């Protein structure tokens, strides 16, 4: 599956990058392929591993003292064919170039 | 935790309500408290139960022949206090009335 | 169009209902049909009016002293037929009852 | 403002990259800074320009024959300081490196 995760810690001020850093480390330790962008992180992996890592992100931030968290997730599955994160981007970029 | 789930079946035409119906049944069978609205479903329950039911929704729709699914989820956790879906709505509605 | 809006004020503590209240008032004043749920608000109306009201929400919260805001929006348009928020919910609920 | 946009055409099969291509062209023509990732596109620009381009994406896809569209958007504004898409990513990456 491919997911796109954005976590927002609430009640700890406006600077949130140190919490994003912890999530990146959790995804890396879980062996998941990720791509950090300006409004979230793409994650590629098996369903259970992706969601276990996301759960660990919430647990970790609460352990760090964050009292409230609001996350958003987009996630897609398909049975017609295999498609990686790179495939998805390449598919668009190739069409853009050929015009 | 409180979540808000919206599932979009792709590749099966524009009429998607029969797939939403299956998801509603999955949440009910899982014993989760839900509230269907015009752009998704609120879900209240324990983390693992909520995410197991969401996984079952993807599996069920693929079994029904949906080749591709794109879902979005908002989900929140807090450690400062207990708060139900009804509490969240009531908190806003009471302030609206008192103005 | 039908939209689903969730606004998260950052940097003003964990209690956010007073900010949601202001947004509800903005939508009502704009004459938009809304439905508050536990993780956002459904909004039905013309494109420009919906987005003008959402912009006003961000402006209003910044005026109230919120330094940072992160919002999420689902929004749908269709050309095949007219569909209201009530139509969407009814379509699912009728299928649920008939089973 | 910084936004993250994901558009899902419904009723035109499972292959959607040609529609994403059209949206990328609209953002480029609008002079907006974008970054395509595996589950959407980051967009940086002034509020009215970003939302005008997003509206144009919906219009364009409907013109191309897409009967139904469901989009999701994350968008953030802040008054405490200026922050670009690159700043957001760099802020996380620098902390990751220094550990």
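Every chain is named by a letter (A, B, C and D) in the order it is written, and numbering of its residues begins at 1.
What we mean here is this: a contact is a pair of C-beta atoms (placed from the backbone, for glycine too) under 8 Å apart; a residue touches a chain by one contact, two chains touch by 3 or more.
Note that this is a predicted model, so its numbers are computed, not measured.
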Quiz item: How many degrees of rotation map chain B onto its copy chain C on CA atoms, rounded to the nearest 5?
Solution: 180
Quiz item: Taking all residue numbers at the chain A/chain D interface, are over half used by both copies (same) or under half (different)?
Solution: same
Quiz prompt | chain A-chain D separation of Cα centroids, rounded to whole Å | solution = 17
Quiz prompt | Inter-centroid spacing, chain B versus chain A (mean Cα positions, whole Å) | solution = 20
Quiz item: On chain D, where are the residues touching two or more other chains?
Solution: 11, 14, 67-68, 70, 72, 74, 76, 78, 80
Self-check item: chain C residues within the chain A interface of the complex
Solution: 8, 10-11, 13-14, 16, 67-68, 70, 72
Quiz item: Which of the residues in chain D come into contact with chain C in the complex?
Solution: 11, 47, 51, 55, 58, 62, 66-80
Self-check item: Contact set on chain C toward chain B in their complex
Solution: 2-4, 6, 14, 17-18, 20-21, 24-25, 35-40, 42, 44, 72, 74, 76, 78, 80, 85-86, 88-89, 91-93, 95-96, 99
